[in-house]
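Multiple structures are listed underneath, in structure tokens.
Look at the two complexes coming up: chain A is in both, with chain B in one and chain C in the other.
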Partner chain A sequence: MTHLLEIRNVSRRFGGVQAVGDVTAHVDEGELVGLIGPNGAGKTTLFNLISGFTPLSGGTVAFAGRTISGLKPNHVARLGISRTFQNLRVFPNMSVFDNVSVGAVGALPQGAFGALFGALHRRGRDRSAEISRRTWEALEAVGLTHVAAELAANLPYGQRKYLEIARALAMRPRFLILDEPAAGLNDTETRDLAAFIKRLHGQGLTIMLVEHDMTLVMGICQRILVLASGRKIADGTPDAIRTDAAVLEAYLGVDE
Partner chain B sequence: MFDPYYLQQLAIGLSLGMTYALMAIGFTLIFGVLNVVNFAHGEIYTLGAFAGLVLISATAPPIVAVILGALAIGALAGFSLERIAFKPFRRFTDEASLKSRAMRESTLLSSLAVSIVVREALEIVFGSQMRSVPFDYLINTPVRVGPVILVTGDFIIFGVAAAMLIGLQYLLTRTRVGLAIRAVSNNPLGAKYVGIDTDRTIITTFVVGSMMGAAAGILMGLYYGAVFPAMGFTPGIKAFVAMVMGGLSSIPGAVICALILGISESMATTFVSSGWSDMVAYGFLILTLIFFPNGLFGARRERV
Partner chain C sequence: MNASESVVPTDGLTRRRGLLVPALILLLVFAALPALLAGFDKGYFYQIANLALIFVLLSASMHLVTGVAGLLHLGHAAFYGVGAYTAALLTSKLGLGFTVTLPLSGLMAALVAFLVALPTMRLVSIYFAVATLAIGQMLYLVMLNWVDFTKGPNGIIVSKGFELFGFSLSGRLAAYYTVAAVVTLSVVAIGRLSHSYYGNALRSIREDDQCADAMGVSTVRLKMEAFTLSAFFAGVAGSLWAHMTGYISPGDFKFSESILILAMVVVGGLGSLPGAIIGALLLILLPEGLRALGDFRNIMVGLVMFLSILLLPKGLLGEVSALRLVRRQLGAAWRNTGKGEGIGWR
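Moving on to the complex of A and B:
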């Protein structure tokens, strides 16, 4: 059986710095996987390599049996991998509804003519209806329907995070990558977020999550990958990771 | 009773402002998306006018065909301009390069270079003198409206400018192409990650903006009856001033400011010699920059 996501011997150098070195890992359909590691371990770089944003220096990435390394981010996104960002990338001067429909539009590509004059023929109208249906559905999933007409810039920080997740969900992804979703949230908000991620996972979505908040990661993930200095040092259940010698060393250092 | 002279000046000013507005719409659209000034927009305008003139002298087609020809050349010019002057400098690889001033300035210079090359090439091919448009094609039949005399071109220009504005609002807010354009203008990286082809969206923006520039060029050629290689320069500057006054990325703002410019220039000729009327535009620019650094319509409106 092939894995949904398969990362083989992936590496990336920035000048003389080896940001990610020879990482091999996989994610199976339906998993909820955590990716942790000390600062500068290469977590975000690994995400960027998967989503096609940063070209690989070596190795391959395959998604659903198809090699995706070398594809542009918009192609990778259309294949079913969507992501959110550590520092948010919502569209501040667009309404919440429009923000999310960009995701739906991005996932349903079509020619320029149809996109311009779609409103004038029946198939185009069906498509518009489909886009607005997916948009409302995603807004409902994150609980932002009541602010749909609001400008994204006017939302509080926590809601902007959910907005970004809604935009990713509107693409109907097979695989969702969340880059530090709990950063900047307080304890209550983090607990709500954990419940929300679990609910998404419960609906059958495969999720990978980078997070500094250990209680969140340990609490919801089925499996955890640990990176340190660009290398994978551990891969296992939360309980195994908690007692792993290499992980403790990477996080706490070794006594001389 | 109000002196009809002022009404006439007001009408002249409005039509002058409309001609600036035609130019400013495309200019502001491109700025709003890429955040870079496209110095070659004036030459697109000139190319549109020459394309129309060449068509007229070659086959004497109906006026609609002349305008369609100018639009086609505008679209082609916009596409090539983006590939030659903008694409090579665009690297959406990380946040730092997106915000880098060096990148913005290099496209400023590359578009300026394209504008100089195009202007000189036109001079080599057509010579630098004015070429007059055959009389049959002129759009300056006088029309009397109450105490004011206008020409047919004033109505055509008003109609075209209004159609462009409404069409653009429709494009930006009601179509999926427009949604993509706004998303790219808000955050190109975010757009890319949700499956938007940023490259294609930017090309579309250039093509649409340049078609508007070329349409403005041919209309002005038919309105004033003269076409020459340097004709894009002054309207280009005025469009730039209108864009800055309007808050850089607000299209309705730029149009309103273009009208203000036109009216104040024509009113100014009442009091000072017409050679000084350009001073009004630059004076407005300086005043705006001092008192409203964000432009008159800057902060309140949505970008693009």
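Moving on to the complex of A and C:
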């Protein structure tokens, strides 16, 4: 059986530094997988390798049975992999509505011709309608419809996090990658976020979650991958990870 | 408005206001202004009106690439020049008329832009700006030094005025209407590009191109399109200029003209199409209005530019207010009808 995402012997060097070395892993359709590891373990690099931001030094990445390593990020995105960023990248000088619409625009065929003559034919009007429908849907999913007209820069930090997720959801992805979504949130906000991610997963979305917050990852993920120094050291259920000797040594032992 | 629709409570964005402002602008450009011009009956006033309209188009086209897509473009006047020289050469060498030169000027400028964009589009920020500066200078030097073809600094006399499929439009009023019609149609087209979901994609590239890429936006393709289309409209403006003045020379398209157009876009408001239009009108009409001050007027114009940037760094009509205005006036209000009709951008 083929996995939704298949990472085979993936590695990446930056000069003399081996950021990710020979990682093999997979994600199945409908899973909620966590990716943890100490600082500098290569988690974000692995995300960037999957989404096409960073070219691979070795190995292959396949999505839905198709090799995606070597493709440009926008191509990978249109195949159904959507992501958020660790350091919160919304489009500050655009309204909340316009921010989210970019996700929908990106997922659909785009071009100047359609924009110039779109209003003249039915298909163009349907596409505009589809974009606004997806945008409102995503805004409703994260509960930001009431601030749709606000500039993204004016939103408080917590809402900008949800804005980023809404923008990713407007793409109607098959696979959502969340890069440290709980960073900078307080306990209550993190709990709300956990419930929200669980709800998304419950609607059938496959999610991969990079996180520092151990309680969040342990609480909601079905399976956890652990990276340390660019290598995969463990892969299993939260209970198995909690007692894994290698993990305790590399991560929890130092942290606790 | 149907009460059962779920209406997003935003500050006045939810109601369609009809087409009052566009109708007023059309009335001004196509009825009130020509009537005034005909009343004064001075050739000089017609010249100024036409020049202002041509710079409205130049400013609007630069708005697309610099304001919306966020690419600092320092060679826009060169594409204006490519259009003007295409029109002038087609007229003087092949005897073609305005009906043919207008689209060809636009296409030639777009073609040149496309070719130079191929290697430069992957450059970012200041590197892109310097590349466009170099391209502008190269095109200018071709106009200046390829004497056999372009007649160099002597310039070219364009013997034919405006015409449409053989009908002469070279009378003062007919020429004004020709310029006004072409500029209006072009500005509407640019408006469709910048006030649509396509415009949103371009803005996302300006805001954070890596992030836009991750959202599935083909950043390089869209930047190429914006750059090429903007050159197309600059070329169209060039054709208007060539047939309007009857004489062009390289000096009309030098670097300082690119900077003037850039100043129009910035003073009006980066990212705002109404702002770009206001900026163009201000920087063309103000020096003319201050003619009585003699040489002093350029200092006054500089002072006005300086103060407007100091007091209104986002422009006379900034992007946020401009988008609100356009959305309201063109009826693209933000109603969430759930049926996908009449919401967001069209």
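Criterion: the second predicted complex is superposed on the first by the 249 of 256 C-alpha atoms of A that agree within 3 Å, B and C clash if a C-alpha of one lies under 4 Å from a C-alpha of the other, contacts with A are read in each partner's own complex, and residues count from 1 in each chain.
Basically, contacts are C-beta pairs under 8 Å (C-beta built on N, C-alpha and C of every residue); 3 or more make two chains touch, one makes a residue touch a chain.
Computed from a predicted structure; not experimentally measured.
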| item | value |
| --- | --- |
| Combined model on chain A where chain B meets chain C, clash or fit | clash |
| First (chain B), second (chain C), both or neither touched by A:M218 | neither |
| First (chain B), second (chain C), both or neither touched by A:A64 | neither |
| Touching partner for A:I233 - first (chain B), second (chain C), both, neither | neither |
| Chain B versus chain C as contact partner of A:F97, first or second or both or neither | second |
| First (chain B), second (chain C), both or neither touched by A:R167 | both |
| Which superposed partner A:I131 touches (first chain B, second chain C, both, neither) | both |
| Which superposed partner A:A183 touches (first chain B, second chain C, both, neither) | neither |
| Partner touching more residues of chain A, whether chain B or chain C | C |
| Which of chain B and chain C A:S51 touches, first, second, both or neither | both |
| Chain B versus chain C as contact partner of A:A149, first or second or both or neither | second |
| Clash with chain B (superposed arrangement) - responsible stretch of chain C out of 5-13, 23-31 or 257-265 | 257-265 |
| Residues on chain A lying within both footprints (that of chain B and that of chain C) | 51, 53, 72-74, 77-78, 82-83, 85, 89, 91-94, 98, 101-103, 105-107, 110, 112, 115-116, 118-119, 131, 151, 167-168, 171 |
| Of all residues in chain A, those that touch chain B in their complex | 51, 53-54, 72-74, 77-78, 82-83, 85, 87, 89-94, 98, 101-103, 105-107, 109-110, 112, 115-116, 118-119, 131, 151, 167-168, 170-171 |
| Contacting residues of chain C [partner chain A, same complex] | 8-11, 13, 189, 192-193, 196-201, 203-204, 207-208, 210-219, 221-222, 225-226, 229, 271, 319-320, 323, 334, 336, 338, 340-341, 343-346 |
| Contact footprint of chain C on chain A as seen in their complex | 51, 53, 72-74, 77-78, 82-83, 85, 89, 91-95, 97-99, 101-107, 110-112, 114-116, 118-119, 125, 128-133, 135-136, 145-146, 148-149, 151, 167-168, 171 |
| Contact footprint of chain A on chain B as seen in their complex | 93, 95, 171, 174-177, 179-180, 182-183, 186-187, 189-198, 204, 302-303 |
